[in-house]
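Okay, so subunit A shows up in both of these, paired with subunit B first and subunit C after.
Now for the complex of A and B:
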């Protein structure tokens, strides 16, 4: 099965606050997709609407061509992992897994217990008494073992320590290879997970900044370093995201394709050209500083 | 291997496999890991690994045996070496000569350095 999610001019308003503004995109294929945005950018609203917990104020959202809101049939295909404390608070961890087992059609109980072992999840502790790290681990286990065709992980691993996070990335990738499906991870820890993504969606202040394959995106951003005079004349007609330094040493991060012509120009001006890591690109794209065109 | 997140990952993977063929870590007619094994091992998106393998197949460095997997082509090492030798002068010697010219070092000085007691030729 190939998953398709359509966002059609989604706007979400909470009283006087606009969380999302005219977001339009189509996600399709069994891919690992990064949903990137700073805190408060609208990531969780978007995920909640995909799960059908919220309805857009205007516009529409479709999963496999259907509206998720109040659609219990579709809900069984969509696993949204957010706050397990809220969902399973009074249950013991063991019972939370049993509840999940009955809720998810593709649940793999053996895999869930193997994961519980690996994450050293205490099975007899009540969910509300779990440490933050273990609560995150439970969320990761629920998300992975559900094997839902559309799995939404909202900063699931944020409470984990580095060891557990890398364990999670490893399991995520291995299980995705075994059972390809659409996995959407919202995060701002791009440095660690960036390599796992096939596509990224960047939202900022409620609007969609971009939606592109990672590899393509990385080809579209670079930095040039040289004297201020040379950097300025090189970047004159370009979209500059960020500059650093000045005088005899200045660097500028540029968003745009590096063409042969530009490469020659950079050579001519004695500029050093480097590609930009995804994390840097994200930070520059979503910085509050206005971008000069 | 550390992917430095600079430039497309698939290009870095393709480069690494070529390096392994040149250094002899991967032999001709030897089966290579599948793109998925590669992705799991290096913790990268499987699509990026698949793209690297596609590129290497297009270049004739790898070939596929149906239902078995991908193998290093015969002559792959020789071809890669030839490419690299061609690039050597452009990539290393030309910039060196340019720099030498800029600061007034003559080709004779370079030659005598290379064959002299401190020179690279004597290791």
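Now for the complex of A and C:
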């Protein structure tokens, strides 16, 4: 199944607070997509609407051409992993897995069991007594073993130690290769998980900042380092996201494509050109008013 | 991928969620505690006061009423989000919850009936004991099990839905509407109960209402309509409820 999700001018208002403003984009194909945004940017609201837990105040959201709100056909194709403690508080971990097994048509019980072993998840402990890391591990297991055609993972790594996080990324990629589907991960830890993304959607203060394949995006940003004078000359007509200076040296992060002309110019000015890591790009983009404009 | 499993009926999934979250254990504990307290009070009073003149098991509904109300509240706050997160639509969640309430009420009523039957047998074996019932009931004797089950099924279902209705109003519309729901629910409760329980009337004031006790059919109709009214409101609120995100 090839999944398609359309956001059509979505606005979400909570009383006086606007969580999303006119978000429009189309996501299609089986791929791992990063949903990036700072705290309170509207990521969870967007994911909740895709699951049909919330309704847009205006605009529409379509999954496979249908609205997910009160759609029994779609409900079992969209797995949304969020706060497990809220969802399963009084249940034991084993029972949470049993409930999920009843709910998801493609649930792989053997895989869930293998993951529980790998994450060393205590099956007889109540979910509300799990550590934050173990609670996130439970969420990761639920999301992966559901094998839902559209799986939404909302900051699933929170509280996991580095070992568990890398285990999660490893399993995510391996399972995605075995069973391709659309996986959308909202995250802050872009440096760690960024290499998994084929596409990223960046949301800032409720507006869509960009939606690009990662490869293309990374080609649109770079940093140049050299003397302050040369860097300033080079970046004069360009969109500079961030600068860092010390002594006579200066480094500037630039948003824009590195053309042959610019490369020659950089060589001429003896500037060192590097690609900008996704994490840095995200941080600079979401802290720059000009870029949004 | 493996071929999809046939969908689990939402009512069954609701039951699975409730089982997983410990409801049967609490249910068993409630009834064991009720039986133990009733038996202990009966033994103590029979030793201290001599022959027993009233039904002790008749009081169990006071506790069942509160318990059912709390379960009704939890159905909204604990389970609505879980169900919707597991591929259940609001419409099916409302149906599954109603079926759960029906099963809970019926099981409770059967246990009330069993308690009355045991009590009736014990009283019959003791000379001078009289199982006089405290409240007005659909049954005159504690061994009329079908009438006991009918009465307590409806009363328990009503208490469950009352709690569920108030909680759902708070969840759906916020505090102000929730308070209005409490007032509405109280009015509904008093409106029916005042005509059903003569002791309740005496608590308020003696007078004309004392003469307006319901016939069995009026009782069934009144509570039946109240249950249908509450369920219709709950169903509407479920269908339009948004599950608020909890950002971590």
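Keep in mind that, in the parts below, the second predicted complex is superposed on the first by the 285 of 293 C-alpha atoms of A that agree within 3 Å, B and C clash if a C-alpha of one lies under 4 Å from a C-alpha of the other, contacts with A are read in each partner's own complex, and residues count from 1 in each chain.
By definition in this document, a contact is a pair of C-beta atoms (placed from the backbone, for glycine too) under 8 Å apart; a residue touches a chain by one contact, two chains touch by 3 or more.
As the structure is a computational prediction, the values presented were derived from the model and not from experiment.
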Partner with the higher number of touched subunit A residues, subunit C or subunit B: C
Touching partner for A:195 - first (subunit B), second (subunit C), both, neither: first
Which superposed partner A:11 touches (first subunit B, second subunit C, both, neither): neither
Partner chain(s) touched by A:174 [first = subunit B, second = subunit C, both, neither]: first
Which of subunit B and subunit C A:48 touches, first, second, both or neither: second
Contacts of A:218 with subunit B and subunit C, given as first, second, both or neither: first
Which superposed partner A:207 touches (first subunit B, second subunit C, both, neither): neither
Touching partner for A:125 - first (subunit B), second (subunit C), both, neither: neither
Subunit C-contacting residues of subunit A that also contact subunit B: none
Interfacial residue positions of subunit A with respect to subunit B in the complex: 31-32, 169-170, 173-174, 176-177, 191, 194-198, 214-215, 218-219, 274-279
Interface residues, subunit B side, partner subunit A - complex: 3-10, 36, 39-40, 43-48, 51
Footprint of subunit C on subunit A - complex, ascending: 39-40, 44-45, 47-48, 51-55, 70-72, 75-76, 78, 80, 82-83, 86-92, 95-96, 98-100, 102-108, 147, 154-155, 158, 179
Subunit A partner contacts - residues on subunit C that touch it in the complex: 1-2, 4-5, 7-8, 12-13, 16-17, 19-22, 78, 81-82, 84-92, 239, 242-248
